[in-house]
Amino acid sequence: MALGLVVMLLGASVVLAQGGGETTPPSVREVTADEVNAISSKLYCPVCENIPLDVCGTQACARWRAQVRTLLEGGASEDEVITYFVDQFGERVIGTPQNPTLNFLSWSVPIAGVVLGVVAVGVIFIRWRGQRGSAVRPAGESEEEATLDDDYRARLERELRSSK
Amino acid sequence: MSEMQTSETQTGPFDPQTQPFVEQDIPRRRVTPLSVVIFLGVFGLLIVLGLQLIEANRSQPNSGPAPDFTLHVFENMDADAYLFGDAFTLSEHRGKVIVVNFWASWCGPCRSEAPALQRVWEAYQDRGDVVLLGVDYVDNTEDALGYIREFGITYPNGPDLGTRISDAYRIQGVPETFVVGKDGNVFQFIYAGVTARDLASIIDRALAE
Amino acid sequence: MLVELGIITTVLALVLAWYAVLAGLYGAQTRRDRWVLSARNAALLTWPLLTVASLALIISQINGDFQIEYVWSTTERAADLFFKITALWGGQAGSLLFWSWLMSTFAAGALILNWRSERRLMPYVIVFSMATLGFFLILNVLVESPFARFWQTANGEVVTAVFQPVGTFPAIPQDGRGLNPLLRHPGMVIHPPTLYLGYVGMVIPWAFAMAALASGELSTSWIRATRRWTLVAWLFLSLGLILGGRWAYDVLGWGGYWGWDPVENAALLPWLTGTAFLHSVMIQEKKGMLKVWNMALVIISFILVILGTFSTRSGIVSSVHSFAQSPIGPPMFVFLALASVVSIGLWLYRWQRGELASEHHLEGWLSRESLFILNNMVFMAITVAVFWGSYAPIFTELFIGEKITLGPPYFNSVTAPLFGALFILMGLAPLSAWGHTSLSRMGRAMLWPFLAAVGLVAILLIFGMRDVGALLAFGLAGFAGFVTLYEIWRGVKARAQREAWAVAAWKLFGRNRRRYGGYLIHLGVVVIGIGVIGSTIFQQETQRTLAEGQSLTLGRYTMIYDRLERAQATDGRVMTIANVEVYDGSQLVAVLRPRQDFFPNAQDMNTMTIAGSYSTIENDFYVLLVAWEEISQASATFKVYLNPLVNLVWWGGLLLMLGTAVAAWPDQDRQRQRVTRRIEAGEHGSPART
């Protein structure tokens, strides 16, 4: 029956689902609290934003967890439960959006950020290295000196070598 | 490489009178595209935040056109399974006074006002030019149907799928009620619960318009 | 009388702050030092004034002057003295006053400590720090006054106003509403002030940076003051973040310490950019490079602080912690916009004029500089990801019309690889040299730490860990940790030729505070990282309803439900306490009392779930009482978590604090001399001198 409900909400054959619901008794599956929590942890309380459903203490949340249980008992899969909640309460009840556009948008920004960062660093490296020959190289600073620029470190290395 | 001059360390006591203006020695440069991009980016972000601030501070409409919506009405409420019957679209009922009530089964004040709403509906339903609509805001469907049965509600109710209707009306909680006039504009917004008498008088005034 | 005193002192502070802005500006522009001195005195005076104002409010809270709306909304007669005092930051208006007081404390500190050494920057430091203070005081005086009182009109209506409206008389409620229950926790008492200290602390580096930009005094001197103040702010931000996590873990009752909530992120964002700055600033100190970038990081950190304050207090992002929608949104937005445009405008102006150009160029592909630049890139990538995760809902709601939530799945999968990259860099950078390092040299240096990390992974494999992500994460964190330990060990060993090991270690840390303090911070981060990896990937949970005497098992622990009891605390909360026995095998190891507190008088959040937890190095057995049989009390529902390694998060935090204290310990003199000497000697060849 609950599965029928899901099907209906998905806009599938309404009449068939209702007929099915009345003739064959639904098979009720044993559902543990852990299963309910596992799915609820992926959902957010629809009215108190940013509180995962599994840890939300209000009465309304307890009812929504009961709804998760009912759907599971009716044989719905995890995805179906989540889809049901999204249809009912909107994209904001899950941690990453289901809608492909929104989903793409949410991941593309950080990825674009990383790519942009890599490009920027690459450009900076190349430009700074490119200026090496032409530009300011402190007079009298040899390659060796540059390497050992960090005087503390150089001293440390010397002392460690001398200890051998 | 004259720009390097600023890296000079200035020593000695602070003497504002004799300090040279370092800036004057430096040639002015063109504005680079990168800086334009940065500035526009910052502006863009600020504009988005500003828009959101305006949006967040807007309250429920108390006049002007009522946002249109389509409500899929619960039907067959006595059966365990239920159906969505008619889709009720607000704009198709222009010319009637429409009372849109947002409620939820988990909300206490909604329970207190439910009998009043039903009484008002019973008083007006035969006229044909008054419609009462219950919009069920984020609810457990079973509980919602239980609530409708419990209060013997006979006016059409339906779930606010994806909270689209409540978003459009910017409700801050339940219960909240909007009375939409014959012209399709919001006639009155009622924050929190209503009594039968108040609601009836508002409907009468809306009808008289 | 107290109220009037509070109002008068706040208004005076407001006037003085803006006077300091104008006098400082005028003095700097016309080079009249008298005005600058006058501005300084005005700025310093704001501190005693705001101290009096804060004390006036605190005393009203202790006395229970419920005519004051703020006192009414945050205290009640039955509250402990302690919570009556800390109610100062228990609500919007009071915490704004507290914010202003901290701001003026920091400003006074900067003016006194840096007055001589950074004399040239001071006029503008006054201008920018006092403008910030002045803005917050505007909020305090005009928008959300903590001294607003209740008045009753002739027709019985109660109104709220600072001054007595005509024709009204004082309305004095019998008792207050009391502090939000969630805030009645020691962690919550320390967490907001430390976070505010971090936030306010970031204003000072910004003020120095802006002073440098405004005065054109862009030599490395501003960076000295800025670095130290940033370290102070960073210390408090870190502490605030860790305490916030601890508070969430103890009180919010969801088995975790970090939920990527918008308010948590608001505090994390400036921490990330601040950390990036503390690294990249070293390149500027050593090589005179990245001047544009360092300036940008200071400005971004400040803007993120203001943005975080704005967005969490104005209700534009919703969150567990949000203050309700409040009238301070629009004025805060104006300040945010002004601060951003002025800061970025000035920065771009100096940049375009070429005043922020590098004195040096990259010498080698593989060097300390290049690794630090990569480090900054990764920190910025994390910042972008966290920023987007917090603010994406605004964008999608505005442009697509659908509100979304980005939760842990988003944050964990985006940031995990980036944090992994940071661990690699954390392992490589200490081994690299400034200027140029050859691959073979690096390879030799990292051989032992690398082998140790491989060994760690092998051991984990042998002990049956099969999670590839976890193995990789532990391996990377281990690598960074081993490098740090190896470096410390080498330092001690070099000294130990001459002195005893303990003395060698003590002196090593004492004489090279920045370097080895930094290593301690790295170790702290590694330890936190291991804790986070363990408690995130290997957390187990189960929920069961138990009758008295029944038990459940999770991991190696067995828990027996004994009985339920009721109690009432002095502040009126009704506690339902479950007694459970925890067995490790057959050995009774703990009796836990998880409970639920119900606050009959509280407004909205009226229940609080407090966990009972049995803590060992290995893990926490964390029990929540979720529900119980109201009448018979015969059965109760428990949610039980096994959080492996979670304690390392707190211990790593302590290590991080210790390291920061070592690094920030004032021994700046030698450091300063060295830098000056180096620049004077033209060691890095400023072309202006060649």
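Chains here go by letter, A, B and C, matching the order in which they are written, and residues are numbered from 1 within each.
Please note the rule applied: contacts are C-beta pairs under 8 Å (C-beta built on N, C-alpha and C of every residue); 3 or more make two chains touch, one makes a residue touch a chain.
A quick note: this is a predicted structure, and the numbers were derived from the prediction, not measured.
Engineer: Please flag the chain sitting at the greatest distance from chain A, going by CA centroids.
Structural biologist: Chain centre farthest from chain A's centre: B.
Engineer: So which one's got more C-beta contacts, A-B or A-C?
Structural biologist: Pair with the higher count of C-beta contacts: A-C.
Engineer: Averaging over Cα atoms per chain, report the distance between chain B and chain C in Å.
Structural biologist: Spacing between the chain centres: roughly 33 Å.
Engineer: Roughly how far is chain A from chain B, centre to centre by C-alpha average, rounded to an integer in Å?
Structural biologist: Each chain reduced to its C-alpha mean, chain A and chain B end up 27 Å apart.
Engineer: Can you give the whole-Å distance between the Cα centres of chain A and chain C?
Structural biologist: Centre-to-centre distance between chain A and chain C: 23 Å.
Engineer: Please output the residue numbers of chain B that touch at least 2 other chains, ranges allowed.
Structural biologist: Only 1, 162 qualify.
Engineer: Could you pull out the residues of chain A that touch at least 2 other chains?
Structural biologist: 90-92, 136
Engineer: Two or more other chains touching the same residue: where does that happen in chain C?
Structural biologist: In chain C, the residues touching two or more other chains are 359, 395, 402-403, 687.
Engineer: Please name which positions on chain A make contact with chain C in the complex.
Structural biologist: So the residues of chain A in touch with chain C come to 33-34, 37, 42, 44, 48-52, 54-55, 57, 90-97, 99, 101-102, 105-107, 109-110, 113-114, 117-118, 120-121, 124-125, 128-129, 131-132, 135-139, 141, 143, 146-150, 152-153, 156, 159-160, 163.
Engineer: Across the complex, what residues on chain A touch chain B?
Structural biologist: Touching chain B: residues 1, 4-5, 8, 14, 17-18, 21-22, 46-47, 58-60, 63-64, 66-67, 70, 86-92, 136 of chain A.
Engineer: Can you list the chain B residues touching chain C in their complex?
Structural biologist: 1-10, 14, 16-17, 19, 21-23, 26-32, 35, 38-39, 42-43, 46, 48-53, 55-57, 162, 167
Engineer: Can you list the residues on chain B that touch chain A in the complex?
Structural biologist: Its residues touching chain A are 1, 79-84, 104-106, 138, 140-143, 159, 161-164.
Engineer: Looking at the complex, which residues from chain C come into contact with chain B?
Structural biologist: Residue list for chain C touching chain B: 31-33, 119-120, 216-221, 288, 307, 310-311, 314-316, 325, 329-330, 333, 336-337, 340-341, 344-345, 348, 351-355, 357, 359, 394-395, 397-398, 402-403, 676, 679-680, 686-689.
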